[in-house]
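Notes to accompany the following structure.
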Amino acid sequence: MTNMPISADLIAEHNAPQIEALQEDYDALGRKLARGGVDIDAIKARVAAFSVAVPSWGAGRGGTRFAKFPIPGEPTNIHEKLEDCAVINQLGRRTPRVSPHFPWDKVSDFVALREEAAALGLGWDAVNSNTFQDQPGQAHSYANGSLSSQDAGARQQAVEHNIECIEIGRQLGSTDLTVWVGDGTNFPGQQDLGRSLDRYLDAAAQIYAALPDDWRMLLEHKMFEPAFYSTVISDWGSSILAAQTLGDKCKCLVDLGHHAPNVNIEQIVARLHRFGKLGGFHFNDSKYGDDDLDSGSINPHQLFLVFNELAEAEANPRDGFNPSYMIDQSHNVTDPIESMLSSAETITACFTKASLVDRAALHAAQEANDTMMAFQALRRAYTIDVAPILAMARMEAGGAIDVLATYRASQYRARKAQERKAVGLGAGIV
Amino acid sequence: MTNMPISADLIAEHNAPQIEALQEDYDALGRKLARGGVDIDAIKARVAAFSVAVPSWGAGRGGTRFAKFPIPGEPTNIHEKLEDCAVINQLGRRTPRVSPHFPWDKVSDFVALREEAAALGLGWDAVNSNTFQDQPGQAHSYANGSLSSQDAGARQQAVEHNIECIEIGRQLGSTDLTVWVGDGTNFPGQQDLGRSLDRYLDAAAQIYAALPDDWRMLLEHKMFEPAFYSTVISDWGSSILAAQTLGDKCKCLVDLGHHAPNVNIEQIVARLHRFGKLGGFHFNDSKYGDDDLDSGSINPHQLFLVFNELAEAEANPRDGFNPSYMIDQSHNVTDPIESMLSSAETITACFTKASLVDRAALHAAQEANDTMMAFQALRRAYTIDVAPILAMARMEAGGAIDVLATYRASQYRARKAQERKAVGLGAGIV
Amino acid sequence: MTNMPISADLIAEHNAPQIEALQEDYDALGRKLARGGVDIDAIKARVAAFSVAVPSWGAGRGGTRFAKFPIPGEPTNIHEKLEDCAVINQLGRRTPRVSPHFPWDKVSDFVALREEAAALGLGWDAVNSNTFQDQPGQAHSYANGSLSSQDAGARQQAVEHNIECIEIGRQLGSTDLTVWVGDGTNFPGQQDLGRSLDRYLDAAAQIYAALPDDWRMLLEHKMFEPAFYSTVISDWGSSILAAQTLGDKCKCLVDLGHHAPNVNIEQIVARLHRFGKLGGFHFNDSKYGDDDLDSGSINPHQLFLVFNELAEAEANPRDGFNPSYMIDQSHNVTDPIESMLSSAETITACFTKASLVDRAALHAAQEANDTMMAFQALRRAYTIDVAPILAMARMEAGGAIDVLATYRASQYRARKAQERKAVGLGAGIV
Amino acid sequence: MTNMPISADLIAEHNAPQIEALQEDYDALGRKLARGGVDIDAIKARVAAFSVAVPSWGAGRGGTRFAKFPIPGEPTNIHEKLEDCAVINQLGRRTPRVSPHFPWDKVSDFVALREEAAALGLGWDAVNSNTFQDQPGQAHSYANGSLSSQDAGARQQAVEHNIECIEIGRQLGSTDLTVWVGDGTNFPGQQDLGRSLDRYLDAAAQIYAALPDDWRMLLEHKMFEPAFYSTVISDWGSSILAAQTLGDKCKCLVDLGHHAPNVNIEQIVARLHRFGKLGGFHFNDSKYGDDDLDSGSINPHQLFLVFNELAEAEANPRDGFNPSYMIDQSHNVTDPIESMLSSAETITACFTKASLVDRAALHAAQEANDTMMAFQALRRAYTIDVAPILAMARMEAGGAIDVLATYRASQYRARKAQERKAVGLGAGIV
């Protein structure tokens, strides 16, 4: 790891003038927590062991059907994306894995790609297939769906693509395949709602059959977009029934922006866990639809409540409980590196606050139907400013106390703007 | 049936001047349908065989937490409610069954009540338990839940009440128990989301165990209200997983107003059918929440699409497919008899239009990914004015051509306003 | 008009075998309406005078941020789009105007373009500006907004572009400028919510100042997308306050898919009319967000209720009441010509049904608080199958009785697929 | 104030063992803030000057249309409610005013009531009228609306009731009249949407005309409930147009639970302020509809963003800017005193965090389109645990450091359960 994109010296240099204040804040919080019987160093150790993956595609600027506004220095291939992900992990220390998307991240030599990542301190998370777009020269179009398409050729092609993704993943060292399909309809009657699911289940079973023993298949539901009347796997109900149909290695993935308005997502998390099917998360935030905003930027309390369910699940695990965590955001108006640094911090903060809930007090209040005190047990943990714990854990692992300021000081993006080729305007589709 | 509330003579008298126009419209529609290869008399026969239950409580004026505005002549006990339901069925001919709610409809002699209904031409539909309110003198409060309550006494009391409802239902001739609980929380943390479901499932299993062999237990989910943060059985996913856990005789009930905004309800119907758990419907309409408005008054097209799924399900039945249909509305601003007459007409119209879909053309278009023609297959049926078929079927069965006009001419409500005791103002709770 | 894309002979040939049945259905409906005192020919005359514009961009296949799936024979420039629009109007007869979008539809000679359209039987509707995308070589980016941008250069550029649109519109014979901006934010704090509006109002006033006397400026609000936290003109409240600030020639445009979930759009129409600011409509339908689905395909009853408000407004006009009607849809899965033919039919049907409401009965019931009969006055009109009136009006004007079948028989798209250059895959942005 | 419900000794006794820890936390936070140039004592002084009113009706247990579950010791008249409000203010020190509701709080001698409140340390906030319920013996029913009713007698009665409320308010020392009406419809067509507003405006103008010079009339909009199809004043657009029509003394009130799903409420606050019509708030929280949950219990970040807009407004005041703050919650599952203590704390915390935003940094980032740093300026303030500031301000004013623990130690509710008459079961309306 001698060729890391950010020099350790730069990080140390920027940390130096902040260490005293951090220590003071950390100690003050430590005394406060100690009064409640909590050892801050134990919490810090939990934080140090926590991680969340980043998506390769998240390193690029996102956009909408209306436009994409690129920024200078954006990555345009998986090698550049890995380098950006390395920056995020170097500074923040919570994101040691990258999740690839195919064919976007296709290379000729995946063994070499695995080594390239390792040299940057990065491993590989879930492999993502893509059957929502047509690629040049593709034999069958996904215009009418992929795994659920009425066209047997399109279904077969989608199955084979997923199996190829598994093979690539084996070379990279992944053990999860995430399957999200945009299949659905824009008109009542366009397809039969029952038969579409039958076709999906049949095709998905072929992928499942190709899964190595130690792999999982993660199904990702989404309410709408790109389909606007019906979507085959539109909600957690469809997702868990499909996962039950497919088998034990199939689990459900929760993307925080893929639900109907007002839905209680933390209860969905609890339900999936209760029935042994909680596979993982795509973290982001949203106000309207699948907005793919930065995690916790709109509703950080909801993210805390999700982690509260995960803390309960950890204390009451079901067979095979091992949720995978990933950021999945569309960075339309920020530098993606900055957004992922900030988001990893927010996610870790919610994890930390959930760890600080006095569960004995919470459960006692629940048992006594003492609603106010049960609520206060959560609220008191949520209110704590855990930033000193996060910063201390980061610094001790070689990361930056102030990740954004250090990143800016590095001039990394400006350098890349010199080195990398420019990205064209996204014309928008409307 | 000599003492029916509306005289057959009155109905006949009001029908007489309308028969000629009805026959003309019926014949014109018959010629139009014949051009498409459809026999209008066969459709009329299907309509004549169609029925939907009415709820006993729907005969009274509804209200909100803010107020209830009673009307003169409202029924105040099950005997008066039965009489009103008899009026609805006499005029409209599509609502021969009544669904009771206990303890609201409790009497000392249920065998006599069954005979009383039979004398009015009415049978009994699903029995409804009530564990969302406390009754005077009740040993345990449902303030903190019923089947899912942390209080074992409340759970046991709720189980026993449901078993008592089954026993009453046997005396009445019902074969379905509908279980809706308002259990849930108003604060994050108030109860553990996982353990609440465990308690619910355990208590529900005790009710299930008491079910006669030929009975079904229908679980009704609801997103929110009376609980405003979480609800134990909040969505179809929770409902079907609970029904799977409980056993084959347990099915899911769909109330059209109990879903998150924008949700595709017809797809939920298709999903429940696909997994063998579609038990029935509570028909109403809504714009915002569980508004309990008149069926099809806000979105009649959605109701048609639900019946389109039912027509597909009928053509592709799963084991035990036998959905129960019921109106469940809160009549806050109308005469409940008029609303149920109008609603039964709307529901039957949607059933009829779904019967008129050219399914061969629909399926062929779906197979060919001919989206526009698949959509048109549905839209052409939806556009047809089926009123003449409904009116003809009604008249031939002894009902009224114009149900509302005949009802008004009968002066039924005015007579009841003389006979029945007045209902007090609903003070509202806020 | 000798070079129309569809031959009049073809239309006549396809109409011939359908005329008898159409006449029979028309006559039967005429007798039914006559019984209620309505003259079907008078209604047909109203229909014949009704029109709705089509958008030039709607002639191309739409897409989402995930993908666009082109179809063979899509138009790629304004000349081809005009030809497609001429097909729609030839067959359907209700869409004699085209609404252009700049710079997409830019040509060197707009006078010639106007003549080209006229030769195809087409006029020009509202001119649309585009400040939500950057164009190659543009001096200032709209990445951070246009009329509301903090960057004075971007604001000025956006103002000048709109003024250029007015100038183009004058050459084309338009009298409306539609202004929709995607300006907004993705993060709390990204911009000051108040100052953003101030900048928008200031820039919009410069455009308003350039408006010819007989022109109108139509402001189009939208809840979200492309901005996902806040949008400067996000709702009708912001829109009408902006229109009031700008002046009498500024009105509000209602796009049916730009509202929050559950919102009562027909009441917004009534409110805008009440305060003299109802400028027009972008018709489409949606289930989730700005889905841009075919008009009335999801909720035709809502579209009817909108036209019911327009019928009330027509009977109680405010100063300058002259709403402009336009289709604005994204045709992701259909042939755009077919979707616009079908949509124009649906829109016209809703207009016709609203014309058939017995307003005297409606108002009398409202005056008497006779809720059921007021509702029935609307419902009875909605239930009528008005297809014969629409088809007769179409045929008499030279259009097709069955627009979709005639279009398919024409093989128009297949011919264009031979003549026109192919469109590339939309790669998606995610 | 010698007869306050909670003894000062009890408060002091419970504070004593907590003072040292509080001082330590306060000092640590003070050092942290000082590093950023913020004087913690100045912030504490702002907190000490902050207040929010409580509603008299909020002192009782709330409920839904399904049930109300009373608690022992609930207040049943305004005298008991005042006593409970005095407890809240004694312990929390941020709620020195009570907002009354008529006729619920009617007494024979309002001058005496004002003195009774003053003796408890309480003043009076906005007067609330009630025209959504019928009272026994009332001449005209509000079943079909009040200020917008088609019935002139009902309108006149509603006007006179509001004028009587003003008169009562003058005796109590209030200067605001809050007008919320439930007027609306449950069926399309039930009333004309335009004429309903005309009648509302005409009646409201009569109330406005009776307003003393130094009074304000606050209009409160609500999307739905008790009306479920349309509501006369359903959104902020209708509210501000009505307020503009009525005059300068008429302003708009924002209840956090009265909006469509997903709506950006803080932008509505900014818009109302921009056009000089921001009158005040009803604080609560919601997940689904008008859930009336405890303030900030579901989405505390949204509450912070609202206060951030208020901080901007305070820095950029418009004529007459003086928003009134009130809690308006329905306490269905908690002791109302505990909920209001907790809510006042949460509201004050959000006010405090908004005060801690580095506005110079925020504005500089906004000016530079530095989205990430603009967001961070808000997020850094939100993350701070301000509890020590709030507790210190409370203690210094004679309140409790731990309000809930001190309240429980007081045994106040248990004493009242002995003294006060029991409340009957709320039967529910359904």
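Should a chain be cited, it is by its letter among A, B, C and D, assigned in written order, with residues numbered from 1 in that chain.
Please note the rule applied: a residue touches a chain if its C-beta (ideal position, glycine included) is under 8 Å from a C-beta of that chain, and two chains touch if they have at least 3 such contacts.
Note that the structure is predicted; figures quoted are calculated from it, not measured.
Among the remaining chains, those touching chain B as well as chain D are A, C. Put simply, the chain farthest from chain B by mean CA position is A. Comparing the chain pairs A-D and A-C, the larger number of C-beta pairs in contact belongs to A-C. Here the CA centre of chain C is 43 Å from the CA centre of chain D.
Here the CA centre of chain A is 39 Å from the CA centre of chain C. Annotation for chain B: residues touching 2 or more other chains are 144, 185-188, 190, 223-224, 229, 261-262, 264, 287-288, 294, 297-298, 333-334, 371-372, 375, 379.
The part of chain B that touches chain A in the complex is made up of residues 144, 150-151, 185-195, 197-198, 223-224, 229-230, 234-238, 240-241, 259-264, 266-268, 270-271, 273-275, 305, 308-309, 312-313, 316, 362-363, 365-367, 369, 371-372, 374-375, 377-379. Note for the complex: chain D touches chain B at residues 57, 62-69, 132-136, 141-144, 182, 185-188, 190, 223-226, 228-229, 261, 286-289, 291-294, 297-298, 330, 332-334, 425-430. Residues 21, 24-25, 28, 31-32, 35, 261-262, 264, 287-288, 294, 297-302, 333-335, 338-339, 342, 349, 371-373, 375-376, 379, 382-385, 387, 404 of chain D are the ones that touch chain A when the two sit in their complex.
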